[in-house]
Amino acid sequence: MVNHADTLADRVWQRYNRKERLIRYGVLLVTVMVVYWAVRDIDIFWPWVWDAPNQISSLGARMWPPDPSRLAAIVSALLETVHIATLATALTIFIALPVSYIAAQNTTPNRACLWLGRFILVASRSVNTIIWALLFVAIFGPGVLAGILAIMFRSIGFIGKLMGEAIEEIDRRPVEAMEATGASKAKVIAYAIVPQVMPAFFAIVILRWDINIRESTVLGLVGAGGIGVILQGAIDTFAWPTVATILIAIVVLVLIGEAVTGLLRRKVL
Amino acid sequence: MTPPDHAAPRTWRKPPFIANPLLRYGLWLVVIVYLVWAFGSLPFNWARISEGLPRAARIFGGGFPPSFERSGLLITGFKESFQIAILATLLGVALSIPFAVMAAKNVAPKPIYLLGRAVIIISRSFHPVIVAILFVAAVGFGPLAGILTLTIYSIGFVGKLLAEEIEEIDWGQVEAMKAAGAGYLATLIYAVFPQILPRQVGLSMYQLDSNLRASAVVGIVGAGGIGGTLMNAFGRYDYDFAFAILLTIIAVILVSEGISGWVRKKIW
Amino acid sequence: MLEISKLVKRYGRDEPVLKELDLKVEGSSVVSIVGASGAGKSTMLRCINRLVEPTSGSIKLNGNELVNLRGGELRRARRKIGMVFQGFNLIDRLTVMENVLAGRLGYVNLFQAITRRYPQSDIERAFSLMERVGIAHYANKRADELSGGERQRVGVVRALMQEPEILLADEPTASLDPRTSEQIMKLLQSLASELSLPVLINIHNVAQAKAYTERIVGLRHGRMIFDGLPADFDKEALDAIYGGIETAEDEITEEPGRSGREAAHDAP
């Protein structure tokens, strides 16, 4: 009987033996329990949940039709957003490249540098842009400088980590050939490493620029410049039709950003 | 083609990266003009910025050592962040499947495809913080706004990748199902879903990790979780508590990244 | 004159790869080094220009001790030792000319290297060497656009750009088809006599070693077990070097031009 059932089970679930099946049921059980705990324990006033669709649609109704009267201010704020993203990306490169160099296993001068580099990358990546912005707004006051610094501090980790991986993946053999000619460390970098990581570098910077455009749209919500400042102002004054215009403007900006990065990728890479 | 070996004193210069000189110098000019314009048009408040260093000293001075005295508040905040992340992942991943089917060119009829695509593009255009601020305005402060925000965020991300996965499936299996006389839904369930399932599981793990990070952020605009606690600490100049929260966030994110990476490696 | 004495190389705690090896190369002779994979050929060659650190022993080039050189001294010694690699080791994304000029990196300063402003004499030398091996018309082509034989010619020219006092070739023909590898061997042979340059060639192909070199050195397990003229290199020597692998017989009767790949004969 048992034998028969087992063979049958094996035929139905060929991919899993008994142990794997147990693990799968265990995972499922844990998931269900966690979800049950989350639902029961979370601090939500449930009647509001059932009312949420009403609230959301009424907010949507208040936004319609979009009010274009402040379009000029919105466009100039969008430009500011783009400037923040672009300048921050450009400035990041100067910091991220040395960091990626010391954080790559095969180029790092010594272990202390390796760990310093890795620490910088992890610290930068673990703190979200908007939290960086919060910190810099507290230090330098509200404005674009805080925004640029926030974007930079987050991008260092991103570009640095990916560049570090690109450096670690280079072909060792040209490096060996350059060393055999009697070239110094700097010359080996210039001839054997830089040409190899160039395509990855462009791809990574373009990708990060695209992400930074999105990220810089929210900086203003904590006072760090860009379109977010106007958005926050419009929400605070319940100017919902203006909010709608701003949202549309953001979608357009992001789509333009995507189109530009697509174009750059095709042209440069 | 004339070989260059006849010219008497042979010279060689590195061929420029961009062959057309007009384009080459034009590009430099564009870059310089842009930098001047961008820096010129951005409003820097130099007076306020110059106060930065003493302020930074005060903030970091007040922040060290980080104070874990109010760890009760810290734990409550994180518990809420976890709950938001878990529920939003569940909802988002479940909802991303129909949207992914809608947004896959090969299985959805044209009008549905455009609708699905539009939903995904729009939900991806908005940073979760913007979505959060709108939901806070609609349904009030608290974790509900956070869950709704991250659900939208998950639909956008998982939906897009799943749709691409569906577009790349082995079409033979679909044809086999159709040939067997299966209906649309049966074809989806038998021929499409099994092919995208491994990817879906991996993406869900990734999204859980991603939502946990995001839930720390959406709280800043009032959508519940540890972000709200952090924002309050900053607002009250409780820098030692704020730094304690920050350090904990970093630790939690690193652990969750490690777990999510480990699980995904196990599954694939 | 190259004088290697009591050269030992040990990786970690393993059995040494080279066991007190002695070798003397005088004048401008072409010496081939044969031996099974793992016999230590490549390690020996790399010890000479210190891409591999010798564990002990002495290597003298024209009376100068190479072991124990550090930093700038080592780099100045290396630029007198040209090396040709099995995988060509070109920098694929740079042009042929840049690859060739890279052979001068030990001579020019960093500014010249980065801006590619090499002295006129270097450029002259580059063109005449490229003409000698027939690749001058490729000067501004990217290195990865060339065929295998052409790429190895670039590798040879790069090594000769160093104005070397000795040329090391680490299986220069193993990545090439039989006909092209013949051409490269002929090229190395004639360049050696034209420039009166001693050349050390690691080679798998015994037939080519016999046809194109003046002296054969056989290594087995890090020890030299044959040193003599190609004419004296008989079946007995071959068996000693390759450990009597059954099919090794084919190698010796093989005509030059058919590549013998004894590594592939390891399997019974």
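For clarity, chains are labelled A, B and C in written order, and residue numbers in each chain start from 1.
By our rule, contacts are C-beta pairs under 8 Å (C-beta built on N, C-alpha and C of every residue); 3 or more make two chains touch, one makes a residue touch a chain.
Source: prediction; values computed, not measured.
S.K.: If you average all the Cα positions, which chain's own average lands nearest?
M.R.: Chain closest to the assembly's C-alpha mean: A.
S.K.: Compared with chain A, which chain's mean CA position is the farthest off?
M.R.: So the farthest one, by centre of C-alpha atoms, is C.
S.K.: When B-C is set beside A-C, which has more C-beta pairs in contact?
M.R.: A-C
S.K.: Between chain A and chain B, what is the separation of their C-alpha centroids in Å?
M.R.: Chain A and chain B have C-alpha centres separated by 5 Å.
S.K.: Determine the centre-to-centre distance between chain B and chain C, using the mean Cα coordinates as centres, and give it in whole Å.
M.R.: 51
S.K.: Based only on mean CA positions, could you tell me how far chain A sits from chain C in angstrom?
M.R.: 48
S.K.: Can you list every residue of chain A that touches 2 or more other chains, as numbers and ranges?
M.R.: Touching at least two other chains: none.
S.K.: Counting only residues that touch at least two other chains, what does the list for chain C look like?
M.R.: 98 - these are the residues of chain C that touch more than one other chain.
S.K.: Pull out every residue in chain B that's touching 2 or more other chains.
M.R.: Answer for chain B, listing residues that touch two or more other chains: there are none.
S.K.: Within their complex, state which residues of chain C touch chain B.
M.R.: Those residues of chain C that touch chain B are 95, 97-98, 116, 118, 120, 123-124, 126-127, 131, 136-137, 139-140.
S.K.: Considering only the defined contacts, which chain A positions touch chain B in the complex?
M.R.: My answer: residues 34-35, 37-39, 41-45, 48-49, 51-52, 55-56, 58-59, 79-80, 83-84, 86-87, 122-123, 126-128, 130-131, 134-135, 138-141, 143-145, 214-215, 217-218, 221-222, 225, 228, 231-232, 235, 243, 247, 250-251, 254-255.
S.K.: Sort out for me which residues of chain B touch chain C in the complex.
M.R.: Residues 1, 3-5, 9-15 of chain B touch chain C in their complex.
S.K.: Using the touch definition from the top, list the residues of chain B that touch chain A in their complex.
M.R.: Listed in rising order, the residues of chain B that touch chain A are 34-35, 38-39, 41-45, 48-49, 51-52, 55-56, 59, 79-80, 82-84, 86-87, 90, 121-122, 125-127, 129-130, 133-135, 137-140, 142-144, 148, 213-214, 216-217, 220-221, 224, 230-231, 234, 246, 249-250, 253-254.
S.K.: Show which residues of chain A lie in contact with chain C when the two form their complex.
M.R.: Chain A reaches chain C through residues 173-174, 176-184, 186-187, 190-192, 195-196, 198-199.
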